[in-house]
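This is the structure I have questions about; it appears just below.
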Amino acid sequence: MEYAFFLIFAAVALIAAAMVILSRNPVRAVLFLILCFFATAATWLMLNAEFLAITLVLVYVGAVMVLFLFVVMMLDIDFAILRAKLTRWSPIGLALAIAVFALIAEIIEKDQIAFGQHGDELSKIAETGNAAKLGEIVFTNYLLQFELAGILLLVAIIAAIVLIYRGPRSRKLQSIPKQIAADPKTRVHLVSGD
Amino acid sequence: MYDIKPLAIIIIISPLLGAIMTGLFGKALGKRNSHLIACGLMTISFAASCYLLYGFLQGKYQPWNRYLYTWANSGGINIGVGFLLDNLSVLMVAVVNFVSLMVHVYSIGYMHDDPGYQRFFCYISLFTFAMLTLVMANNFMQLFFGWEGVGVLSYLLIGFWFDRPSATFANLKAFLVNRVGDVGFIVAIAAVLNYTGSLDYTSVFAQASNIAANSNAINLICIGLFIGAAAKSAQIPLHVWLPDSMEGPTPISALIHAATMVTAGVFMIARMSPLFEYSEMALTIILIIGALTTFMMGLVAIVQTDIKRIIAYSTLSQLGYMVVALGASAYAAGILHLVTHAFFKSILFLAAGSVIIALHHEQDIMQMGNLRRYMPITFAAMLIGILSMIGLPGMAGFYSKDLIIETVAMSKVPGATFAYYIVLFSVFITAIYSFRLLFLVFYTDARMSQDIQQHLHESPKVITIPLLLLSIPAIISGGILISQVVHGFFGSAIFVLPQHDVISEFAVHDFSGALNMFLHSFTSLPVYFALAGGVAAWLCYIKLPDMPNRIIKFNSRLYLLLIDKFGFDKFNAVVIVPIVNSIANICSNFGDKTCIDGVVVNGSARVVVKTSGLLRRLQSGYLYNYTFMMIAGLFVILLWFFVLRKFG
Amino acid sequence: MLQYLIFSAILFAIGLSGLFINRKNIIVLLMSIEIILLAANTNLVIFAKYWGDITGQAFVFFVMTVAAAEAAIGLALVVLVFRDKQTINIQDLDQLKG
Amino acid sequence: MNYSLPLLSIIIWLPVFSGGMIILATKLQGLSIALRYLAIIVELLTLMILSYVVWQFHGDMWQMQFAEHYKWLPNLGIEYALGVDGFSLPLAFLTAFMTLLVLIIAPTQVAPKDINPFYAIFLIMQGLMTGVFFATDAILFYVFFEAMMIPMFILIGLWGGENRVYATFKFILYTFIGSLFLLVALLYLHFVAINAGYTGVQTFAIDTLQHLTLSTTEQKYLFWAMLFAFAVKVPMWPVHTWLPDAHTEAPTGGSVILAAITLKIGGYGMLRFLLPMVPEACAAFATTIIVLSLIAIVYIGLVAIVQNDMKKLIAYSSIAHMGFVTLGIFAIFQIHSATNTAGMGIDGAMIQMISHGFISGGLFLCVGVLYSRLHTRKISDYGGVANTMPVFAAFFMLFALANVGLPGTSGFVGEFLIILTSFKASAWYTFFAAILFVLGVAYTLLMYKRVMYGAVTKNSIATLTDLGSAEKLAFVLLTIAILILGIWPNPLLQLMRGTSDHLVLQVLGSN
Amino acid sequence: MGKANLILMLPEIFLACMALLVLMVGVFWEHKLRYITYRLSIFTVFVTGIFAIGTYSESMQAVINNSYLMDNFSAILKFILCILMLCIFLYSKVYIDIRKFLHAEFFALSLFSLLGMMVLTSAADFLTMFLGLELFVLPLYATIVMVKHQGRYAEAAIKYFIIGSLGAGLLLYGISLVYGATGSFDFSAVSGVQDLQHILQLGMILILLGIALEFGAVPFHMWLPDVYEGSATAVTMLIGTLPKIAIFAIAYRVLSLAFGDVALYWQQVILILGLLSVIIGNIAAIAQYNIKRMLAYSTIGHVGFILLGIAVAPQQGYLAPLFYTIIYAFMALAAFALIMRLTAQGFEAENIEDFRGLNRHAPWLAFLMLLTMFALAGVPPLVGFYAKFLILQNMVANGLSWAAILALIFAVIGTFYYLRVVKVMYFEEPSAHPHAVAVANMSFVGRSIVFINALALLALGVIPGLIVDICLKAFR
């Protein structure tokens, strides 16, 4: 049962992911990505990562993806130009992607890895709520890293501001001398009738 | 027992000093002082050498062999600079100094108006120094030093008038040909060192019989040495430089290209007799080459029209005689001919020089004629020279040449019989070209322009006196020296194996004093050959002047061959030079420029640049290309790591 | 468990291929990177379960922070590029090459 | 022997620092003349110290004398170690001597405003090249070996001919490619030394590296690696093509130093590294090297004949003459009988190097004299110069004759000794080597003929002025050197007697 | 996390606080006191450096929660990072001033980036490493864009960003796999792994490649030239120097602490990457006309050498690559600083042609550039030689003479393009438009330090023992 769910969600996630890179419309791509995240979050739930799954949905889908969507829409993009067509090189790219995957899968498969080889601690933790446990670790063992992550976010904020901010826009104040000095000849353009 | 070291040093240093003074300070000294210094120092040297020769003739001095200083000590071998004075070298020294002195004096007159006056004296003094070093050397290094020294001075003197293209062509040719010979020479010297472990004459000669055990070694050494000698003494086929060398001033032709340098080869072989004796092969080659040179060059001399070239070819022919004598192991005879030839050939050249000056540098005998009326002394000297050369009984040349012919006849070296007939016949040829020269220059009608004819007069005293002084030994030296020579004057200096010793054989069987030899000559063939030659020349050039042309018409092919000098020059010019040139061009253009530089050096640079351009194009600027390549790289590395490495 | 790993590997491969198969839109590149990070995160979650070790999940937590930061900067850059060139076509980003 | 002063260091660094100072002070216009004299004084001082070293030197010893050891990079086993022996001393002296000549003649060659930097570069270069000869630590050697390329590069580039850029790059890349193999070889030897139990600063000492036991395979690889470095410098056929270009494009002084000194570093390197370190491989490949040398002699001799640029011709002639050096060095491996006479080959090679320094230096100076007057190197632009420049003609002739190996000049001594040695290996070697006697005459004197002889047909030549006093001084000094070495080479031979004998013993063993 | 440990972290803490302070000061006082943030930043870096070297001690090695390692290595590297940062600030003050981005944001971002790099030098687990890496690259993306440089900055930044993120992705995926094999993020945990070798090694390779990507090694090098060219010189200087040290540091940590036991597996990979980098970097540089682009390719070549050093480091020690990295950073610093010296307002000395005939106008500048170029080329007696020397020595000692020769051949080919710069400066006539040398494009202090920087390449060449000793101390 769980396996079937996994298969369904995995399939959805993968198809969505594929559509992200294949879709011709960026808005759709973002939406597919959101779908992909949702589906993946579902699989995470099956892996006893409830808190993370929720976070993924909340933070990613709720914030990051919306940001994406926002940017896509805000930028006045001529989608016609961006309509990606599969070029003649695409098969090679596809082959490469498949090859990379096959290789990774082949390597991983050799190790005969399976759940349960080291017990199932997480299920037990999940019963008490893994958010608490996670918080415990993050604020003790990984305090330093937590601080760093904080700085990282600060940096991201600064960076984003620095990148987008175009300096103080001059306020539109009335300039009396300018108005007085204005010459009608420069202001009025006579357009010939024909 | 007197120490003769000071004498030796005086002899050798004087010319060097003269050269240095005239060379470095010539401009400051002025012409007059320069020639006074040069001639004065030569006189000192000559006097010392006469004293020395006298001492040796008297038996007052013994052969003297001493090192002055160590030139190089390397690899356990000591190479020194020193002198070997024995009868052979002392005689040579005297001859060289005498001729050199005469030429010095003669040059005062001959070179009088030349802008390079001091330079000339510097050169000839330096030449004398080099020649003396060669002669007095007691080891191979020094021999080579002198050998090259005379070669270089010859080069410089042939090219003395360096603004003449022909002169600079000739001197380079001379040096080149000599260098070809030096290849053989230096290989031989190296072989000597290799087989004997020494370069010192005494110790090398002491081991000669040991080397002889290895016939390859002795043959290599002797043939190598002979190649050197052949170049210096202008034997076929390395003779081509000598006729051209006549581009130099005439005194030079007399000194270098008649009396001294060209005979260095002969001297050297005589000096090396202890080695040559053991190499029958080398002796045969020497014999044959010498005989061919005698004959062929004599023939060429007949058709030449340039007065100096005729004499030059005659020199070649006479050198051939000497070489033949060496080949027959009659080293003493060769040396004797060398001495007498030095005198009479100097006369011929100097007299020719006198004629040339008188005719304002006209050298074509077809533009001369009847000069005996205007230049009696020159004529007399020339006549003496020619008579001596053709071997008129009693003259110096007679004794030496007759001795050669006799000894060759006795020799049992393979090829001796062939050589004998050739040298015998060459007597005839000698007479023809000699008399042709004499007749065309001094007899017949004057063919020079009126202008010149009116100003014809005998040359000044500085020119005629040396001529006359040289005439004396040209007449008497043979008669004086013959019995000494035949009776082992050279003593230990020349070594002959008993089975080769034709001179002793001659001394025992046929020789009973110079006078008897003179008398006896009228019963032998050579004199009649010479006479026949004289008559033939008389017929052709005085009695029947159109005879030569008829002969030419009759056998024009031979004539052309002779005009072509048997084609040696043509061969060099048409075959050797172009081949060398084209090989050089191939090496330069194909080898260096195309292959090494073009393909390897610049080629690799081009490959790098091409690759660089390719990489530039790969760096297309498109992000997806970058990522594609990165991921492809990632894939390849993973593939290699996990699959191809057969890991796991 | 292998299927989970393969799932994330496929995600990873899709993410990678998104970087070069797409030739037009920079935003898709950003999304591809998100997919790659997602694959990594999924891996971490899988292995956290395998080891029964919560630190794996903690790592994911941090990665998500980083990813958000990256996304912010990335989008800012996209905006910038658009302002600069009036396009976000990858093929127009070819001034720097060679 | 207790030397209080580090004489060798002074000899190296005095010129380098003076050169640096001169460069620094170049801007000060008022000092221009003073700096020029400073350079000459420094040069003379260096020569005096060197003469003192020569005077105090024991020629019969093979050990390094005047040795200096200072800590430099103890962690890496590298030491600042200097010393002289019979090989390095004459070459160091040659370096200083030739630099002096270049300094003397420089004012006639470069523009007055350039003279101080020109001097400075030569002083620096001299110091570095002397360092190459004095270094007894392999890495120190290598550092000097490479470092001297920098001033040379700038020198040719700044004052060279039209094609100088190509020439400098070719030159420097060729040399770098060569020397990288040397570096790797030295590192390998160092590695072997460490494994053999050497520690500390010994691990890069040349002396240590000479005493390692190496397998035959190792020797072979090391041989080729080191050979390549030195073969480029020498240069041997077929890695010689940098030389004609570099020589041709370099300013006169540069050509002089290139020909006189840098080529010698190759030969010196062979004597110092190749032979003692990998004797077995040297013996194994001797035939190859000898054949290459003979090709250099004959092939390059031929190539030289058809050159129409004087400097190129002399450059090719240098290659051919350096062929004798390699021939002499490697012929000793094939002497079957009486190996104790092998020293002659080494001696010959050394003398040939010294002598070639003088002669090629002289010839390049000659071309420089002509170039400074007519600004062309093409042979066909000349003709009949002897008419207008008789004194110059005399010197030129002397150098030309020395170049063809005339006995009595230094050119003969080395070639003679090498030829004598080569016969002990094979008569054929001697024969082919002796061919240079003919080819040498052909190219040298043919050039002389075309440049100097003949009638004056061009206006430019009719107005030539003969040598100035500076040029005369330089030529006289060179002439004296050439003649003394030619007439009495024995003192020089005795100077390196001990070193040469020791090398033979080291390489061939006691027979 | 005890008190003592926190003191050891003083440099980082101080730096982080000061960076924030700079930001605040910038907001409130910058418009009044123009250079206050600049001065504050200088002060910060200076003091941080002192604190960093203060953490050096002969015997101490402190670990914070298995994830942060304070030892001599980190102390010395942090100190060097601070020196480099200080130099960059000093060099580029005027440059950024006339380009109007001398603002708190620039300094704050630079300081945060420095913080990230300092974290990297001390990181002892994968999480810290990952965060450090991100912390140091993210500000760099932003700084590229801050300086509106010839309209290509955005392209450069986005390329850097995408590829940097790809690198982070690879790294992260690799980390996840290693975590899968070990169950821990500590570097030290890796050594105990018995089973799951494949996963471990796949993870290891991916981590290595991620690091290689940040390094700019072939085949992950393609971002480097574009970023170098597209950034303003001050930023290129930043990108071209410090990160190399930080990335070397993390490579050292990961390879020695985590993968030290399985060195045999990764050595070959690194060797191949190194060789490829040396080959392709040097060859590609030849065809360049833009000097920054050329230096980028040359960087690839140098990175190749560092990787070669790393490849043999398990046997021979990390001294050689560390030495190389430090020396390289200083050489690159000098090179970019000298390029900066030729700039003027509205003019960037970008093309090699701009150096034409420099010797005529500014002999000193030309001479310093010459020293730098020869140093980069690795010609003795300049210090670049010893860097190569050490690497080669290690390679030969490891039996890789063939690779040493191969690398050297391409290094020699690389000499060509360095010499071409010298050629242009010395052997060619000045071009039509004058050099900007006369313009005050660097403060006096900056100029003096550039002078010292370039001459040090020569001086250290004469006494290279100094830096070698420092590097040796790092591993004590």
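Just so it is clear, A, B, C, D and E label the chains in written order, and each chain counts residues from 1 on its own.
Assume a contact is a pair of C-beta atoms (placed from the backbone, for glycine too) under 8 Å apart; a residue touches a chain by one contact, two chains touch by 3 or more.
Just so it is clear, the structure is predicted and the values come from calculations on it, not from any experiment.
Common partners of chain A and chain D, by the touch rule above, are B, E. The set of chains in contact with chain B as well as chain C comprises A, E.
More contacting C-beta pairs link the chains of A-C than the other of the two pairs D-E and A-C. When chain centres are taken as C-alpha averages, the shortest distance to the whole-protein C-alpha average belongs to D.
The chain with its Cα centroid farthest from the Cα centroid of chain B is A.
Note: centroid distance chain A to chain B, computed from Cα atoms, is 101 Å.
Centre to centre, using the average C-alpha position, chain B and chain D are separated by 37 Å.
A straight line joining the Cα centres of chain B and chain E is 77 Å long. Annotation: 30 Å between the Cα-based centres of chain A and chain E. Within chain E, contacts with two or more other chains are made by residues 127, 131, 134, 138, 141-142, 145, 158-159, 162, 166, 177, 180, 183, 197-198, 201-202, 225-226, 287-288, 413.
Shared interface positions of chain B, defined as residues touching 2 or more other chains, are 616, 619, 621, 623, 625, 627-628, 631-632, 634, 638, 642, 648.
Multi-chain contact residues of chain D (touching two or more other chains): none found. Inter-chain contacts occur between A-B, A-C, A-E, B-C, B-D, B-E, C-E, D-E. Residues 93, 96, 99-100, 103-104, 106-107, 110 of chain A are the ones touching chain B in the complex. Residues 608-609, 611-613, 615-616, 619, 621, 623, 625-627, 629-630, 632-634, 637-638, 641-642, 645, 647-648 of chain B are the ones that touch chain E when the two sit in their complex.
On the side of chain E, the complex with chain B involves touching residues 158-159, 162-163, 166, 170, 197-198, 201-202, 205, 209, 213, 218-220, 222-223, 225-226, 265, 268-269, 272-273, 280, 283-288, 413. Across the complex, chain B is touched by residues 16-17, 19-23, 29, 90-91, 93-98 of chain C.
Remark: chain B residues 616-617, 619-625, 627-628, 631 touch chain C in the complex.
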